[in-house]
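Here come two complexes built around chain A, the first alongside chain B, the second alongside chain C.
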Partner chain A sequence: MTSARIPRADEDARVVVVGASLAGLRGAESLRLAGHRGPLTIVGDEPHLPYDRPPLSKHVIAGEMAPDATTLPHRLDLDAAWRLGAGAAGLDRQARTIVLLDGERLPYDRLLIATGARARPWHDEAEGTLEGVFTLRGRDDAAALRAALAAAPKRVLIVGGGFIGCEVASVCRDLGLPVTLVDPLPAPLAKVLGLAVSGFLRDWIAAAGVEVRSNTGLRSLDGRDGRVVGATLDDGSTIAADVVVVALGAVPNTGWLEGSGLALESGALVCDGHARVRAQDDGLHPEIRAAGDVALWPHPLYDGRMVRLEHWGNAVAQGEYAGRALALGDGDRPAFAGMPEFWSNQFGVTIKLAGLTEGADSLAVVQGSLKDKRFLAVYGRAGRTVAALSVDCARWLPAYAEAIAAKAPFPPIANALDQPSRLGTLDPSWPTPPPEVSARG
Partner chain B sequence: MFPSRKTSEMRVVVDLNRCQGYAQCCYAAPESFELRGAEILVYDPAPSAEHRGRIERAAQSCPVRAITVQADEPAAGAGR
Partner chain C sequence: MADPTLFAQIKDPANRADPYPLYARLRGHPVLRQDDDSYLVSSHAAIRALLFDPRISSADLPPAHSPATGNPFKDWILRPIKDEIVTRHRPLIFRDPPDHDALRRIVMTQFTPERVHGMKARTQSLVDELLDRRRGGDAICVVEDLAYPLPVTVICEMLGVPPEDEPTFQGWATQLATALEPDARHDEETQKQTRTTFDAISAYMKDLIKEKRARPVDDMLSGLAAETPAGRMGDFDLIATAILLLVAGHETTVNLIANGMLTLLRHPDELERLRRDPERAPRLIEECLRYEPPVHFRTRKALCDIPVAGTVIPEGAAVALLFAAANRDPDRFTDPDRFDPDRADNQHFGFGGSLHYCLGAPLARIEAEIALVTLARRLKAPRLLDDPPPYRDGASLRGPKTLRVAIDGLV
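The block that comes next holds the complex of A and B.
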């Protein structure tokens, strides 16, 4: 089982990919591009070919893009057997076999696990399944939420001030819908960006007409005759709403791996720096790799801290890395070190983050200004540049991403002409509880 | 509105981490790429095949090579 190397790329090795989305698709493509010619099977529990999720919370729910327009392009003819609508129910790693929900057994020589994550459901199932309560992860969720928004609801309540919650709030305002956003932190996005920045975001969001209810949790979602009618806040006050969007982050899809003997931590699949999956007995499985939202792995740029990134760019880059490794073995390929990067579009701006803000102890605005809604801010930790945030300053970002990759000192010296000559540094001001490992809500 | 398209159409995805809002794609294929505000790129992920030449020009003109195009519809094959 846990031999140190996988056999050389052999013509007949059977490869199975579980999870037919972004990381699985890009992984399968790079496996083929690296020259693997043996049988390839792609298993996905959704009935759809891999599609793109970012447009769901932006253009699809706005009604300007059809849900099925999001199917992702393939970079080459994969010559794969697609098993769509077929969920994996278990993994027998001794027999090197995947067991499907219908009982069928799929043997593999090499396996890519890319089962991603699902929306965290509302904790009370009866309340969470009231008509009018939505989560947003897949294309069918987006189609259902779009239909509800198109029916002119009297008020939309968004539970959770992470990126998806804010994007949905932004779309609701574009549609002219009354919207309330409830979040336990003092400002939306505070967990990832800190209060020094998110305090300004809160003002823009409120200025766009969103009723922002910070510093409060929800006691219950309230229904009548099976339909949601609103919610009760921690202090007992109520909000009337006929559409509720629960946007409380995502949880990794690893239920099917319970009992497999693979190591899971808070539900995430534990890997080493080469995307090799770890067994509970600590042995590595070089023939099983993982990529994307499901994987927890040590990031070399951040002193080997274990991270799970829910980012489009990470699913692409890690999927490609894992696919190549499955085709060619590891050789002297360095550990995966992809720069954490994501974007969000909301309230008329593009927000982009490079690096990880977690644990940052200082912040410097190096271009523009927070109040002008156009700036580039750099986060430092223990004298090192660890992250850079762009709001409509994307052209400046690559230079700072390079500084992060080079572990450059903080504050960074960029010889940009319009940079303020002396940089004042701020406290990023993390809310309590402190930010968690998950980099996206 | 970018409507659903069923058959023999192209598929497009833009790496929006990489995109810097240069808008070259919008000049090359204005019916499929649009810049909103300072740097929000909105694009048709399933453009009609009749725009193929312009879409390919858009992909080539992107200075940061952020645009991936597939010239025909992905299919769920049976493999071997």
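The block that comes next holds the complex of A and C.
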């Protein structure tokens, strides 16, 4: 469809980037690197210049790094007008105008939407806003949580066994704080890694002194005089805690787009494989691209399955892809096919995952061993390799990522260094989704 | 069809002074099969991919009944000299994970930044003492007067080898390093000598380790002989590690210093800039490591079929990674044949890469920096007397045998 393509941007084309985090910054940078010299405006709802999020749940809350030390380096002079501290309130796609919360109207010729995601709040607002209850997404969240952890709380309760929950639990143990982690699944990280692997992680986490309460949801967060004092579990038992971290994942920041006529699915902005934003009437807006945590897009490596990735690397690669497309036009640019990859540092190990584990039907540990806490495992689906997980041996991951990109048979590499003597295939063992519990939105 | 004898030409001493045109031809076929079914890998991208590929082994243990093939390169992988070194006392450069990683972690508990940086002042005074011996002369040999004696003294002191034993050590180290060259291993006389040397150095180390255990002091051998935070080494591993550190610690650094000085003498403007601004040294050393690396290639073995750069290296094949060729790859480096210490993007393979990345790199950098800065500062009007200088035999551990420089005296 030729109408879905855009030509190279006119020299004076006005570009607006909504979202001043990693994807927006990399989009703006690549727009300039691609040679676009026209007016550029970057809109951010926080007062901060773009900053790096991975350290927030690690070094920053541990007190090893000041929150403002996370500011991302300026790799080039963007020559941009920054609108920080007043986010976007709406989009008028007919008039090609962004309306900011403070009423300012920003006309655009080309638009990059990179508004990211926010922490999913606790479902009960009164409970979620008790003093001592935290979510962790932005720099200010991290600064507040750091202050709370530094005040030597008697017990930290973490709600949710995803990556953020586990990283916070790990930092708390490093700080010597008593921690309870409550999660509706049978083991932390089970949703992404499967029980075959996460069952081991659960043991390590417990061995580090975290009280892990699996298979249970939370009925309520309990407060007294406006301060949290603990929580009540689904089984009616209670846990006393003076700091509660709600780590239930993130939701896309698209509230400002309601009524814009753009297609949203579960809150995410629906795009095609070229990061073009889709309208509700199914037409494409090639002059509007989306990148990062906000976008839902078909991944060519996974048969066009719609994915929304909250990964640092995806924000970089997709931001750059969208920025180049806005500056240079589409031409014959192939669809975006960035390899999904993320990492996590917790409990003394570095976990890295390449590819998507979702729907995997087989698992093999191809290097190292689970019991040594140093291994490489691959996930297969219908005979093909779809993901690779490394725990403390990330050196080898690129070779497996290449196999995933090549849609190699499962397992992709037999006879590797440090291979277990018997290469058995396991069931990744996906947890059945827990019954709808209050802790899960 | 690419020349299937390129590796033979690279190993030919006649091409030692300037192998770079051969490397350029080789890069035209970044993964090239040789007549003996071994593979030469010469592009930066292909070497990088293989260094991080879990199907590549450094252990290359010989099969149970390996016949002598009469082919030097194949024998490099298969022959008994390797049995001697590899099987009986495999040092960690010839080992794979998980053993390699466990050994390396133990070594790293002793090869600490504190211990390495603690050698700075001593290295400076050693360099000055060595140069002072040539005071009053009108020429020096950079190799014999400095580049050779410096690293062996430094590594002996770090390990805790008594100074009176150092001369013996120098002889052993040279002999063992020679044995690491492909063609030398084919020569029976060399093999015999290597075996003798190996037995001698092993016996010596065994006694020394016993001594360190009985009376531990603050040196690396005492540390390695004891329980470390990363575990305890077995006696054979300990001996092998000590020998490796000794040999690697000076058969490579000598080349870094000598090749570096040779390059500076060929680029007098850079020598002068270094004299005026010693702060340039770190970047200059990195460029020396790219431009004239101390180790030109290392060998590995394919554990299974490995697709790389459009070729499939078959299971069991010997693979030579030509680091020095990759360091001049125009697809990776702008103007690769130009010596340019100011280049911004310099991810060379001068210290190898991945899990076997040179663990002595920080020490080598310090030694080379102090040696080159001091040579630049102290040699008055240095002029290269032989260009090219005579080279040592090694094609892999490549460097000048002598590097004679005329001077108007010492500062």
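Things worth noting here:
By definition in this document, the second predicted complex is superposed on the first by the 423 of 441 C-alpha atoms of A that agree within 3 Å, B and C clash if a C-alpha of one lies under 4 Å from a C-alpha of the other, contacts with A are read in each partner's own complex, and residues count from 1 in each chain.
Basically, a residue touches a chain if its C-beta (ideal position, glycine included) is under 8 Å from a C-beta of that chain, and two chains touch if they have at least 3 such contacts.
Model, not experiment: these values are computed from the prediction.
Room for both chain B and chain C is found when the two structures are superposed via chain A, with no clash between them. Once the two complexes are laid over each other on the shared chain, residue contacts for A:R374 go to chain B and to chain C alike.
Taking the C-alpha centre of chain A as the apex, the lines running to the C-alpha centres of chain B and chain C meet at 40 degrees, rounded to a multiple of 10. Put simply, more of the residues of chain A are touched by B, taking chain B and chain C as the two choices. Legend: residue contacts after superposition of the two complexes on their common chain; A:R395 is shown touching both chain B and chain C. Between chain B and chain C, the shortest distance over C-alpha atoms in the superposed arrangement works out to 5 Å. The contact surfaces that chain B and chain C form on chain A in the two complexes overlap at residues 374, 395. Taken together, the chain C residues at the contact with chain A in this complex read 49, 52-57, 96-98, 303-304, 315, 354-355. Taken in their complex, chain A has these residues touching chain C: 366-368, 372, 374, 376, 393, 395-396, 398-399, 402, 413-418. If you check the complex, the residues on chain B that touch chain A are 1-5, 10-13, 15-17, 19-21, 36-40, 42, 44-46, 68-70, 73-74, 76-80.
Contact residues on chain A toward chain B in their complex (touch as defined above): 39-41, 49-50, 52, 54-55, 59, 63-75, 78-82, 84, 312-313, 316, 341-343, 345, 348-350, 352, 374, 392, 394-395.
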